[in-house]
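In the part that follows, the structures are each spelled out as structure tokens.
Two complexes follow with chain A in common, the first pairing it with chain B and the second with chain C.
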Partner chain A sequence: MQRSPSSYPIIWRVMDVLETTFAAVWPKGGGKFTPYLMLTPAIVLVGTLVVGLLYIGDSSLRVLDRSTFLFSDYWTLDNYIRALSEPFIFTVVWRSLLGAVIVTIVTLMLAFPYAYIMVRTPSSFVRKFLLIALFLPFFIGQVVRAYGWLIILGNQGIVNDVLGLVGVEPLRLLFNYPAVLFGLVQYMLPFGVLMLAPALTAIPEEIEAASGSLGASWVKTMTHIVLPMAKPGLIGAGLVVLTLSLTDFAMPAILGGGTQDFIANAIYDQFFRTSDQGFGSTLALLLIALGSILVGIIFAVFGAGTLALDGSRK
Partner chain B sequence: MNTNAIPAQTPAVSASNVAMQFSDLMAVKDANFELENGRFLTILGPSGSGKTTLLRMIAGFLKPTQGQIFINGKEVNAVAPNKRSVGMVFQKLALFPHMTAAQNVAFPLKMRRFDAKKIPARVLEFLNLVRLDGLENRRMNELSGGQQQRVAIARALVFEPDLLLLDEPLAALDRKLREEMQLEFRRIQKELGVTTINVTHDQREALVVSDQIIVMDNGEIQQDASPTQMYRTPHNPFVANFIGVTNLFDGKLMSASAEGAEVHVGDLTLSGILRSSSDASVLGSQARCAVRAEQIRIAAAPDALGTLDLTFQGVVKDVIFEGERLLYELSVPELGDEPVRIFHHDQNDFATHDVGETVHIGWMNRDLHIFVAS
Partner chain C sequence: MPIDKTFNRRQLLKTTATVGAAGVFVASAPSILRAAEPDKPSEIIVRAWGGPWVEALKNGVSDRFTAETGIRVIHDLTEDNEIQPKVWAAVAQGRTPPIHINWDTTTNATKSALRGVCEDLSDLSNIPGTTDLAKPVGVDGYPIVNTYGYVYVLAYRPSAFPDGPPKSYHDLLDPKFKGRLAFYNDGIGFHFPAQVAGGGSLDGIPDAMDPAWEFITKMKDQNPLLGEDPDFVTWFQNGEIDAACTISTNALGAKKNGVDIAWTVPDEGAKFDTDGLWIPKGHSEGDLYWSKAYINSALTKESQQIWLDGLGLPGVVPGLTPPPGMAGDPAYPTKPEDFERLIRISGQIQVENESDWFSKFKTIMQG
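What follows is the complex of A and B.
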């Protein structure tokens, strides 16, 4: 049964060469450090972010002198006091927060049936179609998509053209709050579906059959079995959609037309329009705090265990 | 169970010309059977034989493409699973991981709108029945495999269904636990008197637990009989071979009568009992003879065999020690190239024959089953 090495598939031989090279280069006994070594790129990346945050923290404590356009050389909480007292900032924060919550709820409501059908359909054609429809928007990008909505929803857009045919006066469908939320939901839906699909795949179909044979109607199977079992996926998807919507920039900028700013837009304005890096940094930290508190509340309510982070799930 | 409401002659379950056609596969062909109230039926067959498909049709997860299924005399083809009074234990148990043992067992009671005040007592009663008292607040990942089985049984029985279905729930267990649970199923089934249909590929399990066995192969019911009948009078070579270890010899039918039949195998004439219906048996047609491994006696000398109708000489090719018995594989030139398999059970002297040794074997004609290809 002895075979000459040359009769092995080429990929085996390539792997052999790689393995030999690796064994020669890698220090012997370094095996137990390997996992930590593989962690380093991630740690360096996160570490850099932390350094950036420290700089932002420093800037947030310095106020801009509008006569000299220089930052104070002492630390002060003026920026924070201004952020908490200025009505405009309150409006922006409230708008972002409410928007993120609404977008999260609507996205989950739309993503759940989508993911469920995609996972459960017996037809491979339907599954492929749903998957492609899901991934296509990713290739297009957020800004292009937002411009797409401008064309569709604009005063001379397709929707108003169609409405005009049935005698409806052109509606102002853009540059308002619903338009921003609509664009955000449309943007978040693929994220929601992608986060939910594995959670639903993990629920065996037999469980649903069992629920049926035990007397549960389809609706009760959903509410008593599928939804509770999909909870980790729902929370994971919810967290992603919530934080992404809360910090979104493009949709409020393009579909809101400057009238529906979210926090990220306000930060952008401070940095690049008024050049008040100090106040911009304060708002940035405010956004981080807001996001962290929200995530913290979700963890506190549902427990980190629901996200399968406690390692007890098999 | 509502035994009183059902006339004695109405079978608890019956199937009439039931067939299931998947796109290009006939999974079940023209199945007919009846199951009496309170009895334990096992559908036995290799994988792909259609046994699970038949069970899923009875449960209501699949709708037969042809024929009718009756539960207590009522046609149920169009009745959804949650509207049938059928408890099912699933292959992978399908327990609800986000609920405790007690919540799992209470689930069907809640879904079927039982009196809420009576549910806790009822749940405890059934957890006691499956000997899980004290574990009602455990979650599924805190229970052992055997305990999970018990939760699944309690959950399937707690609403007192007309019918209990078992979809190979024991297949994944190790042998000792599996045998323990087989007896447990039997005990609970007898205690409650619930009509039960079990699906398995384990012939031993079928013989141990059942009142009635249906053997399936290729989507067709091969035989429907009691365990002893199934074992002693198999209807065809498939059944003879599937239940127990059986030697098969091919030959030509030479004579056939109610008392016995004769088959020419090579230069030999084997006498035995005709198991196929006699009108199909045309003299001279192809016939198969079957002798079970434990019906053949083996000894070093011919006179040690005792009285037998037919004896041969053979050479031991292999000896396999199976604990309570030995399995011999013999080469017997007169009976063809296939090795002849013999079980040796002698408790007094485990006189083993060595590989290469010439031995004497033989059997009684009443133990030879003859099947004619129809």
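What follows is the complex of A and C.
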């Protein structure tokens, strides 16, 4: 009996359409290359980004003439020399880097127990509560969340109101580096939990039970069994949180009170405040390079295989 | 002879009013194009600042323009700094710019003029009736028309200064104001008074500005907040700050919202600057004509009066009546002696050096 085409998996039907289209365009056929057509959207997307990067690279090599506000028609490394010699840029890069590392460590420390309890709890109520608590802020944009903190932590905010009840004078809780990091951790926590939860789910509970039955304490089970086995999730979550924090714009802009700029804020200033897109492009490329180097270091230390990216399918 | 029933007194008045309104508008249309009026676009897009700024423009210029011409005016509230690269890119690529008219700071607009993306507005019929303030400095002709001036005042919370208004920026160095001050995040408006407060002279701008940077370094120890126009109003409203160097319109806006706020021009003086209107190149002949008509109508006494009543700022047309409470206010200079304590630096010097000043200010404040 012949099966109805609609009963085939959807991926087969997509392949059929692709093969038919490909055969119409190239009647001789592409043979074994036909499946690679599936990569076309990704290649187009990445290709577009690469073209954009090439334009940014070109801009970064041109300097602004302030008598005409046009860019030089020749290439020069002046913008790069300026970026590497300006103390302000060094300050901003260091602040961004340090902030991203601190936020990543704190986020992982908070996300791990959250994800662990969410995955392991026998109570469906607790699991649902944790899921809702995780996703509710996730649906609220970063800017709205940052403004929420302005209301909560401001001089006339809820926290200072409560402190006022016990006679404490209003404290400046906003517009400083800790406030930016606090906002970033709160923003990144759902990303961390979401990246960790699948990794923890993949660890069979029986292994933990076996560890316990062999005499290991809960702490030993955690440090010798769960944490090592959760390493792919920790590395993945760390990568996401680190790169997102490093490139963040809104939290430093809103919670930093204008004095805690990250690299993205400096790039914005060059593009939109001083009209110097050349220097802005230079900073953008430096940010990309910095992020890539960090990811490269993580891969070098932990290995790409940590994220199951070694190509083996065991 | 009795007036015919089909043409009674009411209709006579109505017709007269219509002819009169048309006459006012025709008079405000660009003179060289008055003879041949091209087709009207259904709408024109004017970039504007939000809040009290756009409200004032709408009441004073846009609504009147729509009533006179039937052309709808859309206000695009994209920040002036953010629209600039979009306009530049559109002109460079031969595309139609995203806006018809840019309401811009004169310094920003001068950058666009130097880049050659502004239409010439010299033929606007209302320009001869404006004061010298309307003419942009450092560029040929009228690629921009300045429409009013404004002062970067020292706004303060009177309750924080029980002995009277602060007389000098040095007063803000009192430790009790630590974390209670605010400036623009690029320092605009504060660079020049800081030069004086630091013991330097205005002649030292732009080549000898160390006194400014030294004073700003002292001010940095007060941990001031740095922000944009809306931030100042919010910070005053939320009790976050006691004093700020800001445009008087923001202080006026906060005052209208019930915030206890006043402003002054300190001994060091205050920066005086202008905003203007300009049209990016790349529009059709018809759109250009009606965009010019819009700017021309913004230069009539009636429009200026309503628009600038909303902003609390002095215009470029003689004979305007100061808004209530603003007569004699240091933020509303009209007579030569009013300008004696205000600092005006040529637009060309500002355009050429602004980036360095911003960068230096940020280096100090973010260090």
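Here, the second predicted complex is superposed on the first by the 275 of 314 C-alpha atoms of A that agree within 3 Å, B and C clash if a C-alpha of one lies under 4 Å from a C-alpha of the other, contacts with A are read in each partner's own complex, and residues count from 1 in each chain.
The working rule: contacts are C-beta pairs under 8 Å (C-beta built on N, C-alpha and C of every residue); 3 or more make two chains touch, one makes a residue touch a chain.
Here the structure is a predicted model, which means the values were calculated and not measured.
*Asks:* Which term applies to chain B and chain C once both are placed on chain A by superposition, clash or fit?
*Replies:* Here chain B and chain C can both sit on chain A without a clash.
*Asks:* Answer with first, second, both or neither: which of chain B and chain C does A:214 touch in the superposed model?
*Replies:* first
*Asks:* Is A:68 touching anything from chain B or chain C once the two structures are fitted on A? First, second, both or neither.
*Replies:* In the superposition, A:68 contacts chain C only.
*Asks:* Once the shared chain is lined up, is A:229 touching chain B (first), chain C (second), both, or neither of them?
*Replies:* First partner only, chain B.
*Asks:* State whether chain B or chain C is in contact with more residues of chain A in the superposed arrangement.
*Replies:* Higher number of touched chain A residues: C.
*Asks:* Per the contact definition in the header, classify A:204: touching chain B only (first), chain C only (second), both, or neither.
*Replies:* first
*Asks:* So in the superposed three-chain picture, is A:81 touching just chain B, just chain C, both, or none of them (first/second/both/neither)?
*Replies:* neither
*Asks:* Tell me, in angstrom, the smallest C-alpha to C-alpha distance between chain B and chain C in the overlaid model?
*Replies:* 46 Å.
*Asks:* Residues of chain A that sit at the chain B interface in one complex and at the chain C interface in the other, please.
*Replies:* none
*Asks:* Within their complex, state which residues of chain B touch chain A.
*Replies:* 59-61, 80-82, 84, 86-88, 90-92, 94-98, 107-108, 111-112, 141, 155-156, 159
*Asks:* Name, in rising order, each residue of chain A that touches chain C in their complex.
*Replies:* 66-70, 86-88, 91-92, 150, 154-156, 170, 172, 174-175, 257-261, 269, 271-277
*Asks:* How about chain A: which of its residues touch chain B in the complex?
*Replies:* Those residues of chain A that touch chain B are 204, 206-207, 209-217, 220, 224-225, 228-229, 231, 312-314.
*Asks:* What residues of chain C sit close enough to touch chain A in their complex?
*Replies:* 79, 81-82, 84-85, 111-112, 114-116, 179, 185-186, 223-227, 231, 238-240, 351-352, 354-355, 358-359, 362-363, 365-367
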